[in-house]
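You will see two complexes here that share chain A, one where it goes with chain B and one where it goes with chain C.
Here is the complex of A and B:
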């Protein structure tokens, strides 16, 4: 019974934890412009993150080594450093976007400008990391993030023409003003949002924090294989809402307010209140994950003591990195840069860094030295290689598409 | 380590260094020093940053390299940051709740 509870809790937190500011904004934006015509990318992205998150979790359970440890080990010092710089910058950019998201959620709730909320949000993130036990973080914010299910309820309440939405899903081509170039650009953005590198940094380091062993593999797999796909359904519900509400009117999504508006239209004030708590939890939870991931990547590359399983003073450089990253986030956001724009760029840059993150995981997951008998099977390797090809393609195409489409305009 | 073949490039280079008893993370193996005087080259020491860890300090090699450094302090960087910055913040020595 206790085991079942642990699995259920894990799945619930995975659902809530899957969606962050990148998924919120990108799905809403894509829904408003393309309807459900890019829904397949969310499905492809979710399968990809399931494959690689399961692998990284298995590697941790069998060898006790988190992802960035292995990146350094397999890529060596130089290529590893390149991977570190790319992954770290992308994670930092995501952190900035998440902090901005938390502040924007407070602005929507209070009417007070987000620039005033933003330093408070960053300090709150630091306090939680400094004082709160690791296992509590995921549970609280993951469960609260489940409130985002209100998007699914809202979609149903909006009473859409389901046939039309299904038609969009089965006709995955750009229409109207949209070209194949913008279509491809947003496909990469959605892919990057679903497979953001910090997810595996956090997931695998979390496995070490919670001292996973061989016995936890079942729980870990249940979380990944059920939690992430259900989280993907949430993403699709967000795109569905904006597809119904904005696409026919030709309205583009440019603010977080527009992302949440469909719930207010469908369910009134209560809907809006629920979605704001959900957005807060999702972005705050992701801010914790990205802030920790900034520390994880650098400390694991250099071999420094890291983690919340020791007292802060024992992992002093790890905590210093987190403080510096949060301070940098405040400084960047104080320039009044639009957090929604930061988010849009962060998911595309994430797509660029993907191959360097996922290749070493695949190599180690096949190494019996680490894995004993739990190496990848043939089918899994076949699928993982296909995804590596996709990641490489997305990574190469990201910047040229960004330039040609002027970031999707 | 009996009967197990280790490849210096694969099993030593860029591996995590761990304090054998406490499990503290100490750094990475940045380089390997070989003793070429004997017939077969022997690993004489591991290099981490500017520190030289004699092969005699190596206790175990699995997914990481576990060592018992008798006369070395490999956590100078962490100690400095702890003393001057992080250690001064209230709660730095507490377990999280």
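Here is the complex of A and C:
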């Protein structure tokens, strides 16, 4: 019974923790412009993150070491450094977007400008990382993030024409003023949002923090194979809400307010209150994860002491990196750059860095020196290679498409 | 090789600027009208939700204020265009006027919402409905 509870809690946490500012903004934006015609990308992205998250979790459970530590050892310092720079910069950009997202949620609730909330949000992130236990912060924000299920309820209450939504899903082509180029650009953005690199680093480092062993593999797989797909359904519900409300009205999503408005239209003030708490939990939780991931990647690459399983004094450089990254986030956001635009760019840049993140994981997951008998099977390797091809394609096409479409305009 | 590439790039850049100026103005105007219609639609939806007691005043005002900023950017970008012929000047003027009207209406709505003047908010919502339809029509005049 206790085991079942732990598994259930893990799955719920994974569902709530799946959605971050990138998923919120990109799914709402895509739903408003393309309806459900890009829903297939969410499905493809969720399968991809499941494959690679399970792999990285298994690496941790079998070797007892996080992925980035092994990347440097297995692939050498130079290749490891290349992967480190790409993954770290994307994670930092995502952190900036998440802090901006927290501040925007408070602006929406209070009417006070987000620039005033933003330093408070960054300091709160630092305080929570400094003071709160790893298992607590993961569970609390993951479970609160579950409130985003309100998007699914709102979609049902909006009374959509389900046949029309199904028609959009089964006819994945651009319509109206949209072109194949913008369609491809947003497909890559959605793919990047679903497979953001920090998710894997956080997942594997979290496994070390929680001292996963071979016995935890079942729980880890349940979290990944049930939690992530259900989190993907939340993403689809967000896109569904904007597809129903905004697509016929020709409204484009440019602000966080527009992301949350469908819940108010469908469910009134209570719906908005719930979604605001959910957005706060999702973005704050992701800000914690990205800030920690910034520290994890650098500290693990250089072989420094890291993690929350030791006292901050023992992992001082790890905590210093987190503080520097949070300070950088404040400085960037203080330039009054639009956090929603930062989010849009972060998911596209994430798509560019994907092969550098996932190829090393695939190599390590096939190395018997680390994995013993738990290396990847043939079917898993076949699927992982197909995904690697997709990741490479998305990575190569991202920048040209960004230039040609003027970032999706 | 480099010289050839530079020549091709220059030619492409020149050709890109050599399209039909009337059509170009119409395309830009239509795009601006669609973006403006999006802002008008958002403002109207937020205000209507506030009138229906589905939204508190603070988030409603914030959403309308965001729409105001958005349409401001659209209008400023469009106003910076340079009409090159008499026909494109006429197109420019008609779109510019529509954008300016929409911008003013959203500003009026934001002021009314901030002052909790629900009567004016209701009037503005009706006006924005009509204005949104006009902008949609203008937006459909070109790809």
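FYI, the second predicted complex is superposed on the first by the 409 of 409 C-alpha atoms of A that agree within 3 Å, B and C clash if a C-alpha of one lies under 4 Å from a C-alpha of the other, contacts with A are read in each partner's own complex, and residues count from 1 in each chain.
Here is the rule we go by: a contact is a pair of C-beta atoms (placed from the backbone, for glycine too) under 8 Å apart; a residue touches a chain by one contact, two chains touch by 3 or more.
As the structure is a prediction and not an experimental result, all values here were calculated from the model.
Looking at the shared chain after the overlay, A:72 reaches chain B, while chain C stays out of its contact range. When the two complexes are overlaid on their common chain A, residue A:308 makes contact with chain B while staying clear of chain C. When chain A is checked against chain B and against chain C, the one touching more of its residues turns out to be B. Of the two partner chains, neither chain B nor chain C is touched by A:158.
Shared-chain residue A:316: touches chain B; no touch with chain C. Within the superposed three-chain model, A:110 lies in touch with chain C and out of touch with chain B [touch as defined at top]. In the superposition on chain A, A:397 makes contact with neither chain B nor chain C. When both complexes are overlaid on chain A, the residue A:265 reaches chain C alone and has no touch with chain B.
Taken together, the two complexes place no residue of chain A in contact with both chain B and chain C. Against chain A, in their complex, chain C makes its touches with residues 34-35, 37-38, 41-42, 45-46, 49, 53-56, 58-59, 61-63, 66, 70, 132, 136, 139, 143. By the touch criterion given at the top, residues 107-111, 177, 245-246, 249-252, 254-255, 257-258, 260-261, 264-265, 267-269, 272 of chain A touch chain C in their complex.
Note for the complex: chain B touches chain A at residues 11, 13-17, 24-28, 30, 48, 63-64, 75, 77-79, 81-82, 85-87, 89, 91-97. Residues 63-65, 69, 72-73, 76-77, 80, 130-134, 299, 301-306, 308, 311-317, 319-320, 369-370 of chain A are the ones that touch chain B when the two sit in their complex.
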